[in-house]
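The first chain written gets the first letter, and so on, giving A, B, C and D; residue counts start at 1 in each chain.
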Amino acid sequence: MNIMSTSGKIPVAVLGATGAVGQRFIQLLQEHPFFEIAALTASDRSEGKRYADATRWVIEGDIPPAIQDMILLPTDAPAVMRHAPIVAAFSALPNEAAQAAEPAFAQAGALVFSNASFHRMHPDVPLVIPEVNADHLRLLRHQQRARGWSGGIICNTNCTVSGPAMTLRPLYDAFGVKRVFAVSLQAQSGAGYPGVPSLDITDNVLPFIKGEEDKLEAEARKLLGTLRDDGDGPAGVADAPIAVSAHCNRVPVIDGHIVTLSIELASPASPDDVTRVLRDYRRAEVSGLPTAPEQPIVVRSEPDRPQPRRDRMAGNGMSAVVGRVRAEPLFGDCGVKCVTLAHNTIRGAAGGSILNAEVLFKVSGLTER
Amino acid sequence: MNIMSTSGKIPVAVLGATGAVGQRFIQLLQEHPFFEIAALTASDRSEGKRYADATRWVIEGDIPPAIQDMILLPTDAPAVMRHAPIVAAFSALPNEAAQAAEPAFAQAGALVFSNASFHRMHPDVPLVIPEVNADHLRLLRHQQRARGWSGGIICNTNCTVSGPAMTLRPLYDAFGVKRVFAVSLQAQSGAGYPGVPSLDITDNVLPFIKGEEDKLEAEARKLLGTLRDDGDGPAGVADAPIAVSAHCNRVPVIDGHIVTLSIELASPASPDDVTRVLRDYRRAEVSGLPTAPEQPIVVRSEPDRPQPRRDRMAGNGMSAVVGRVRAEPLFGDCGVKCVTLAHNTIRGAAGGSILNAEVLFKVSGLTER
Amino acid sequence: MNIMSTSGKIPVAVLGATGAVGQRFIQLLQEHPFFEIAALTASDRSEGKRYADATRWVIEGDIPPAIQDMILLPTDAPAVMRHAPIVAAFSALPNEAAQAAEPAFAQAGALVFSNASFHRMHPDVPLVIPEVNADHLRLLRHQQRARGWSGGIICNTNCTVSGPAMTLRPLYDAFGVKRVFAVSLQAQSGAGYPGVPSLDITDNVLPFIKGEEDKLEAEARKLLGTLRDDGDGPAGVADAPIAVSAHCNRVPVIDGHIVTLSIELASPASPDDVTRVLRDYRRAEVSGLPTAPEQPIVVRSEPDRPQPRRDRMAGNGMSAVVGRVRAEPLFGDCGVKCVTLAHNTIRGAAGGSILNAEVLFKVSGLTER
Amino acid sequence: MNIMSTSGKIPVAVLGATGAVGQRFIQLLQEHPFFEIAALTASDRSEGKRYADATRWVIEGDIPPAIQDMILLPTDAPAVMRHAPIVAAFSALPNEAAQAAEPAFAQAGALVFSNASFHRMHPDVPLVIPEVNADHLRLLRHQQRARGWSGGIICNTNCTVSGPAMTLRPLYDAFGVKRVFAVSLQAQSGAGYPGVPSLDITDNVLPFIKGEEDKLEAEARKLLGTLRDDGDGPAGVADAPIAVSAHCNRVPVIDGHIVTLSIELASPASPDDVTRVLRDYRRAEVSGLPTAPEQPIVVRSEPDRPQPRRDRMAGNGMSAVVGRVRAEPLFGDCGVKCVTLAHNTIRGAAGGSILNAEVLFKVSGLTER
């Protein structure tokens, strides 16, 4: 079967294309060397409209010209497949819509790269940041077998956990990690559009984000967990034995989630050790991929970095930026403190899903011809 | 000696009266039942000018009419004393200026209620939040004896520690406290005026404030510490055996410092226990004082409070506001998490010093006539 | 008929009490010497709930204790009248709801002080800022006669026009006004709650507010217009012969609308002349009323005032603050430029309606006993 | 004389390289096809330091690697020339420093492209926006002759006038312009770094910027004026006979100055006429130049654009963006209203100077080899 379009690229859909994350998918897929947007879907209300007519474009720049005139399809797998034989779907659906629609696309043969939280914690769904746990993508064939799908669902993470998880991965490998206190200062765009009312956040902090602390804690353990697919029992991920405690705050920032971390390692390490391990971290799985940053983790040595506005675009928004690596005295010589930043709508949302797709298609050989 | 002015009030000076904290002192001392401003000092540059001519008023409201025409004196103790026989001085001096000037005023007989950090950690200087450690004011007579002063220096705390210290005091008394992870989200006004450039903080977070983490950690231990003045050795304060670890961040907020706390108590307590202890906390030392709030600690039950803009004026800016009291799983059944807020330029600066003065003068009987 | 409650105050309702303007009405009516809240209404969705349960309180402070437990009524005139024999209703209804509900309350005998725009431009509806055109209140009896109502509708203005109208009134009387170029910088709260999404306004300006420019232009002419009720033809207001042109912008400010004005007077006047006329302006109609500020217009002489955050609470949020009075060279010796500020949710909304009510009840003698 | 460096590029200096505008020059000159940075100067305090050590980088991104290790020279023409035979100097000097230093560099043979205001209004100094008045560059040879310089001074404009001037140019040519009411909403970066204190601008507007209104009014007339260099009397520019009146405001925005315009044309034109003229405007003088945007003026048709955050990067920050073109009723059928936006530190500062240099060197043939 030749799944490529005449351009030689893989035809993809963006599900929920009119919202803020859908817009980011469209922006990041422009001129993508592997993928080509063949279909855009929206809620029933917008179906049949020109994309430009149905969309209030809220991110920087403009709607790409090639997208403006595309007609929005319903978020209905058979209808989309009739329109264009898409191979992958990037899902920016809200959680309720994702529940039924994403499995329908998977059953219809599409690989669904989802930004929704609904399926993330299911045992046979890979929850993946490629630089953290690309091996979990092997869950996909178990998922396909168990559900009888030719497609499948691959989830990216909650936007807040992406920075901490990328920071913890090399430390977990090098020193072990036992406990983590995480406090987030999260950007407004994490709540989507219209999202946070300006009267709630101007000259203010909201010290609570519904569901966020639980997600950060649970997803960190699954991301750093161990793939079990050796045939003894059903495939899945054994959570990493790390205790994570989170406080999540919303602050008046457009993009870029800061998380402060106080980490108890399993073995002693100095701030210099930690810095070196973070700086040297590379993963072969993403080497050379178009959306992968040169350095997954950028460590800054200035005392007052990372800052959201000045650092969120590091690695085109795909690097985690770490700073203020120093001792955490409350954990003795196993303690380290630092600050981590990741762009929540690029690394933590659309960009993360696209990188997941790049890894999977590279492994599959589909992008190699 | 009759130290009262003809109005029957205690004549006081504000040192460093033109800056942001000096302005707050002036604002809070208007119509004060105990105190009356008899002298205002400024740096040499402004000496001899009308207050209204030398001052860029940056807080809300206007310069009080009675103050506008006062002539600024140099920050020189003999000169001020010649001008008016002040009994107390509220010091909003920058740290370098406070180093020499505050002892000079103390030597000249004034009780200096200082907002500067220079003298805070000296063994014979009381560092006081009345609802936390009013008994430490007894250090004053040791200080007077040791230094041969008729006046003395009484310090208030760093603005960031005031909320956490007020929150920890009743917990320390009821359950004991072993470890505290504190992460601050601090307002712009904490840096004074002009302070933080807008280009640094708009759409941004600064994850570092020079010297702040050390102060928060050290001052918390002294505030909760035990007064030693029983004659065996020199008087002083034995630090509380609490380990505190802080991350300090600046956020785009005008006034009001948020601090998230993850606390390891010395004995088990449920969130309900903790809430009850916080709600019920009262201190007789401040009962009925004009600047003391009815409730030192206001506990809110909504999931998303306290918020700086909506809660900073609780108790006229003098209450600590606590919310989101919940279990801290990383410390087992001894763990509790919460969020605390205090107004940094009222409770954490000028208001705190004025309350210190009210307590001291009430005890001395000077205000009782 | 004794319309007073047992407290001796006039019983009133707040219609649409759960929204941002409704909250402001409740806040400003606490401890009001004339009025007492006897009923609160909301949309069907909230009917029957406790006020505190149905309301997300978004303005500063807390829900007054006496209000928290009040049960929300439907916005239905007979139902409200059965519940309590209210004499006046302060309407914070959205425009669509106001269309039918406000006349129903008027027919049922209540004086409706409306904050909605729907009825503002009807010929027999007084559109009033008491310091500008209290005489227009005489339209009320024509309205009552024409419509057969015992109650009536009295409108306050669009929030943006209140500052310019108060500034123009004394100039119109003293010098005449021919043309006005007005450019607004409007606060977020003008759009209500949730209102402006934070992603639209952080680090941004929105150079358009739907319908606002038309309202500013039309209402200014009606406010400054001449009452015609001498019996020749139907009663109404002849618009003032002033040409007004507006640009309206939304800026990242919580409360307080700035409007820059370039004014062509009908006769020459210097900036000093203009300043004197503005400073001296007083209106007997509001003298001594509880919500009337001592000075309707506060003129500031600093070069950089008025500023929203520092000046919006002048006169408890009821004064217009004017600054930068200077020549407008494009209009020769008849030109004057200035900047005006008014608090949009106090003077421009709830406070304005309450002052309208105070004037009307004072004139009626109901408040004089 | 071969003035090129070995790279074949023109060696240039950045004067005042450590400040915010200096940083922007460095950023925009990276990889520039014509120019190569050969020298960086700073104040005495920083002389001799590595650039990275002396500079607090405040704009987005990082210091380019090739610049980090450059050693700062004093802002002294002979010293700079000894160090490197620069042909042009981009001046980000503060006004006082520019007064003496820029002529010294011009005398030493450098073409100084200045961002300072000091020399702008001198009769023999070209004040240029290439798309507005590239012909004024011919003043340069008169300047050189009159002052005996081999170099010269070419000024760019005040950052606020750039958007209005670009908008007015084609309208002036097509219809004539008589009067303009301009009200600005200016970004924080216009004040440099540290510039506006955050306590002054958070939740606030500053309705005054020192000197700004005069500059906007005077520079607009010179920019649109007529070059007089035909030998009758000294060369210079005859101001355009346009009356301009400005109100300037600072708003909480990082970059991008909004200016609302109410324009009286000299002959009737509809909004459609005006839109067409603006959209079609092109200038041959900048055609193909690296920093020139494809469209000098981008006209947006959405009702709520331009917005600073969403539109400031149009044409890489070099386009003026115009929106809301509509009738201005106060000027009858000769009236038009609109909103214009330009990026104040790119088009209005560093980018403007670089484009001036590109035009001059292109004309001179130096860049043509």
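Everything that follows uses one rule, which is that a residue touches a chain if its C-beta (ideal position, glycine included) is under 8 Å from a C-beta of that chain, and two chains touch if they have at least 3 such contacts.
Just so we're clear, the structure is a prediction, and the values are computed from it rather than from any experiment.
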(message) Farthest chain from chain A, going by the mean of C-alpha atoms per chain?
(response) C
(request) State the pair with the higher C-beta contact count; candidates are A-B and A-D. (result) A-B
(message) Taking the mean of the CA coordinates per chain, how far is chain B from chain D in Å?
(response) 48
(message) Averaging over Cα atoms per chain, report the distance between chain A and chain B in Å.
(response) 44
(request) List the centre-to-centre spacing of chain A and chain D in whole Å, with centres computed as mean CA coordinates. (result) 41
(message) I need the residues of chain A touching at least two other chains; which ones are they?
(response) 202-203, 252-254, 309-310
(request) Quick one: which bits of chain B touch chain A in the complex? Just the residue numbers, please. (result) 179, 181, 183, 185, 202-208, 210, 243, 245, 247, 249, 251-254, 258, 260, 262, 303-310, 323-324, 328-330, 337, 339
(request) Over in the complex, which chain D residues touch chain A? Could you list them? (result) 60-61, 202-203, 254, 309-310, 313
(message) Can you tell me which positions in chain D touch chain B when the two form their complex?
(response) 20, 58, 188-189, 193-203, 252-254
